[in-house]
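Notes follow the structure.
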Amino acid sequence: MRVGVIGYGYWGPNLVRNFVESPHFEVAMVSDLDEAKRKRVKMRHPNVKTTARADELIRSTDIDLVAIATPVHTHFELAMAALKAGKHVFVEKPITTNAEEAMRLIDEADKRGAILAVDHTFLFTGAVRKLKELVAKKALGNVYYYDSVRVNLGLFQSDVSVVCDLAVHDFAITDYLFNEQPEIVSASGSSHIPGSQRNVAYITVQHASGLISHVNVNWLAPVKIRQTLIGGAEKMVVYDDMEPSEKIKIYDHGVTLSAQPQTEEEILQMRIGYRKGDVLSPKLDTREALAVELDHLADCLANNRTPINDGKLGARVVQMMEAAEKSMCSNGAPIHLKALD
Amino acid sequence: MRVGVIGYGYWGPNLVRNFVESPHFEVAMVSDLDEAKRKRVKMRHPNVKTTARADELIRSTDIDLVAIATPVHTHFELAMAALKAGKHVFVEKPITTNAEEAMRLIDEADKRGAILAVDHTFLFTGAVRKLKELVAKKALGNVYYYDSVRVNLGLFQSDVSVVCDLAVHDFAITDYLFNEQPEIVSASGSSHIPGSQRNVAYITVQHASGLISHVNVNWLAPVKIRQTLIGGAEKMVVYDDMEPSEKIKIYDHGVTLSAQPQTEEEILQMRIGYRKGDVLSPKLDTREALAVELDHLADCLANNRTPINDGKLGARVVQMMEAAEKSMCSNGAPIHLKALD
Amino acid sequence: MRVGVIGYGYWGPNLVRNFVESPHFEVAMVSDLDEAKRKRVKMRHPNVKTTARADELIRSTDIDLVAIATPVHTHFELAMAALKAGKHVFVEKPITTNAEEAMRLIDEADKRGAILAVDHTFLFTGAVRKLKELVAKKALGNVYYYDSVRVNLGLFQSDVSVVCDLAVHDFAITDYLFNEQPEIVSASGSSHIPGSQRNVAYITVQHASGLISHVNVNWLAPVKIRQTLIGGAEKMVVYDDMEPSEKIKIYDHGVTLSAQPQTEEEILQMRIGYRKGDVLSPKLDTREALAVELDHLADCLANNRTPINDGKLGARVVQMMEAAEKSMCSNGAPIHLKALD
Amino acid sequence: MRVGVIGYGYWGPNLVRNFVESPHFEVAMVSDLDEAKRKRVKMRHPNVKTTARADELIRSTDIDLVAIATPVHTHFELAMAALKAGKHVFVEKPITTNAEEAMRLIDEADKRGAILAVDHTFLFTGAVRKLKELVAKKALGNVYYYDSVRVNLGLFQSDVSVVCDLAVHDFAITDYLFNEQPEIVSASGSSHIPGSQRNVAYITVQHASGLISHVNVNWLAPVKIRQTLIGGAEKMVVYDDMEPSEKIKIYDHGVTLSAQPQTEEEILQMRIGYRKGDVLSPKLDTREALAVELDHLADCLANNRTPINDGKLGARVVQMMEAAEKSMCSNGAPIHLKALD
């Protein structure tokens, strides 16, 4: 499978390196507008062609899969061109700036039988795969909440907000883990740097099942925090991505209700018992997430399977992102979501 | 100054112990409906009178100050009766269940020249006093956000929600630290235990100055977290109340903007620099907060000063609490606040 | 069982409080040389007799068990007098200042059929009991090492060194957990405060089985650390007593050896594999250790059983303490130990 | 300055990469016995010559500086050959397996006016440079102790013990920071894996000034710990190398002595006061230590200066290592050291 990579900025080098090291892929070409970046490609990978022109890469008959690692507002146009040129597409998150464009890409890919995958790398970490395994086998019981803090100092981006940069990770993770349509999004945020988009945002998403998810993202925090609490009726999880090894802890904790109280006095005296048991930190696969993701992509390409990070997941993530931005514009007003298509 | 304490449940014993140990107060009487609790008082404090009847305590001529540590829905009636009986009042947080009742207590106290103080103990911790000192001398620069996580397993309360139990701490702290009228409250929350009030809530409060404050409270978290981030233009703070000694860290971190970009391309290339300097963990006063609070109360009583935790602060806290509950009922819809009276 | 407590200084009040709250004991008398301390007893426990004279307490026919919480150098004389007066004895750690005196107390108690127990409270914590359970069922496999850091700022004691104050905890724990006779003790230490005994010490103890234990104690450390690593062939443990809840973590980690190498070259190429599995933090009993200890003491008194913290364990602890002090005097020279009596 | 690097195993690639990226050096040749490793060099650095024969590299007239990254027992022979061939030498730590060989290298280098530097990379970390700065300006006051824990799981080495692998870091750091001749070394250790050298060791070093340093190294620990406490009369430091950003904390803590007690009773009552002040975490230079070290090496080569990590420091480190191994063979017996040469 021959790959062309558009964009060699922040994330592109990781993509190229992982494609190069994968037994399933061969990097044929890299395009970037910046000559210095093209030179860096040549230095590191002398056998890879470079070009300033993305369209040259897209039209190249040497290429089966186009990977797109450019600013978000360019994703739609480049991905659509690649699909129309008969390529499979692997595009950075978020797939597009709005859900409508995402749906058009999905339609185009479907029509052509092309694979359209979105690089939501977090889904392929050992930690999130372990969480998926736990949720899938209902180890947590009925899930009550997902509560994530994703803050640090920078990197400010000029064309997108902190929601588009950081919260989309949690939108993708909750979609993947829980497989539930969000119903209501309420978000508040703020921009503290003149000429910049919102650098802090607090987003709450409610689902029909009663699951509530909350995402706290901030580019102006003094410390880096990547901590998610997941509460279930049977067990609870702390997922701390800054921990070097014990990233996931499963708490055998919960509440137990005593027999239903009858009178008001009994209600006021209602006893909720607390159950505290062992804490388990399961061994996690430590393989680089992007390498795992490329294996999955190769498998989907070879066997014509739908990737877990397909365009539809990407579109749903964008739908939540749009809803969050819209709610922030009206100070938290609830935005009701419906299933796409 | 002779004190009568109504309620010897969860918090009452702390009150009585601190009043007893204070050189400024003498505990004359304690009332509680529960005989076992009255016996406990007698065992620990043989010289203190006990009664089952709060009204007996309130009417007693031996008492100058009535301290109220009963369930929230009883605060108004008891405090009003005490004020009308010519006593000063020190009431547990929150002062009442709604702002209207709080205002009536304030009026009554004003009319009688009585002191009306609310036991927002957190304001008297070494940590919050240090934060007040930092904010007062503008050490943080323009404050951008206050972001607090206050979660743990239990204790569920039957008559109030997690907002009334935990978020009011942050409402009091932000009121005290920043002295700004909140403008918009948006909140979402959920109840996961049948017959119980909301056990998880996410509240965002916006202020005219651009300050945004966010409070995350949860009674169903597997771990206890008490962490607040405060971001300012000059410095940033992490306040972690679970740390045994270094509860406050002041980060000399921030962003620096380069010269204003002109063209769109320049805007997209806008460089925001990150400044990272030393981190300071200042020595904090470790005296028990409640003892400090009682000293302040004694000083206000002796010199007829207004406590920092006066009825008005208490009323503003309740106003925020009411707004949060109201917003939660409509899934985050913004509630606009005006200054009380 | 009626108890007399000698000494109401630092630890005495804990003893009295726990004896008072125990259903198995009744406190008849407390002696202390200091009148202020006797008054404190009276204030807190109006029904307990007090006296300035330990001998009065020891001779009292109202008393079955004498608890001794005085400076270490007075333990021997007081305990011997109590035994000779026909009492059972519960003495603070360390039992005496030297093993010879400890043996004499053991003989006296044996002769009289009296219980002689030493207050090594740590043995009764939920954490150490869990460790004992793990070691007893050989869950760790062959135990390689026990490595403990027990440091903080103060409290300096004038009559004993940091070994006598802190390291004896680890001597008692290793004796209890592993039940092995130490063979060689090597220790180094230093005194940095004029007129004070050693405030820092590093002690290594070797056992016949290959187990090596190491204790690092320090009264001049900027932070409080209570951390013990225990390495076994099958599992490894981190016991961090400063953790509020997850004090013990059991690591399913270890090494695996490949087939035995033959030639020197093979030896140099020897591959040792690393095994990393789950980490488990077991639920621990959180009951106050001293209360558990008094239950055990009551059980031993009632049923004439030998306490796990009997005089012999106390004597072996003192033997290690003496060896450590002796080795420190000759800069780490190995001191060989033989089984007592 | 043209460099030849002998050995492209674990550390060699880091050396080559840093020499390549340095403006001061040019890598002319790399030698390794293993063809696969030579191929790796060629793949990454197509312009660098490779050879299987170290002597070819050493004799090459294209080379001014020979860097040696081979197993420890080969250092002496290779370094001596390189010096005799008129090269400067930069050799991995430890410089040799014994101090006598180290002295012969120093003599040879001195005779020829060649630079002989030992790669003690830790000396060039931002953290250790900050510590040096603090000690140099006497910010800690009289230094009482240096206490280091350096443990993790693996990597076992077949030809050297954990002392040679890990403790030498602390020997180099203490030599650099305090510039004091160690007087007495006492060490205990153990080997738990058949056919392997000691995998756990506890080493105490005493100095004339009263400074005591202690090093705890272990290849069989379940967690990675890199923590050093440094206690001084004025301030104390915790240096935790596992912390992502606040690696050094300076505690304004200490003890204060009250007026000298006179009688024995006063001595027993001696009051030592504890002083607890602010904690400062200074900003550290985060540049890669090896790059800083190569800058220093280049500066020394250009200006004929003595490197801080010269052969003499290397020899003193080896002297301590030898003393520790010797003491371990006799169970902690003190080994007295004299200044070398």
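Order of writing sets the chain letters: A, B, C and D. Residues in each chain are counted from 1.
Note that a residue touches a chain if its C-beta (ideal position, glycine included) is under 8 Å from a C-beta of that chain, and two chains touch if they have at least 3 such contacts.
Quick caveat, the model's predicted, so the values are computed rather than measured.
In terms of the stated touch criterion, the partners common to chain A and chain D are B, C, listed by label. The chain pair A-C and the chain pair A-B differ in C-beta contact count, and the higher one is A-B. Work out the mean CA point of chain A and of chain B, and you get 37 Å between them.
Note on chain placement: the centre of chain A and the centre of chain C lie 52 Å apart, centres being C-alpha means. Among the residues of chain D, those in touch with two or more other chains are 223, 249, 276. Every residue of chain D that touches chain B in the complex is listed here, in rising order: 245-246, 249, 252, 276-283. Residues 71, 144-145, 147, 149, 151, 153-154, 156, 158-159, 184, 186-190, 192-196, 200, 202, 204, 206, 210, 212, 214, 216, 218, 220-223, 229, 231, 233, 236-238, 249, 251, 253, 255, 257, 260-261, 267-270, 272, 274, 276, 327, 330-334 of chain A are the ones touching chain B in the complex.
Put simply, chain A touches chain D in their complex at residues 46, 224, 242, 244-245.
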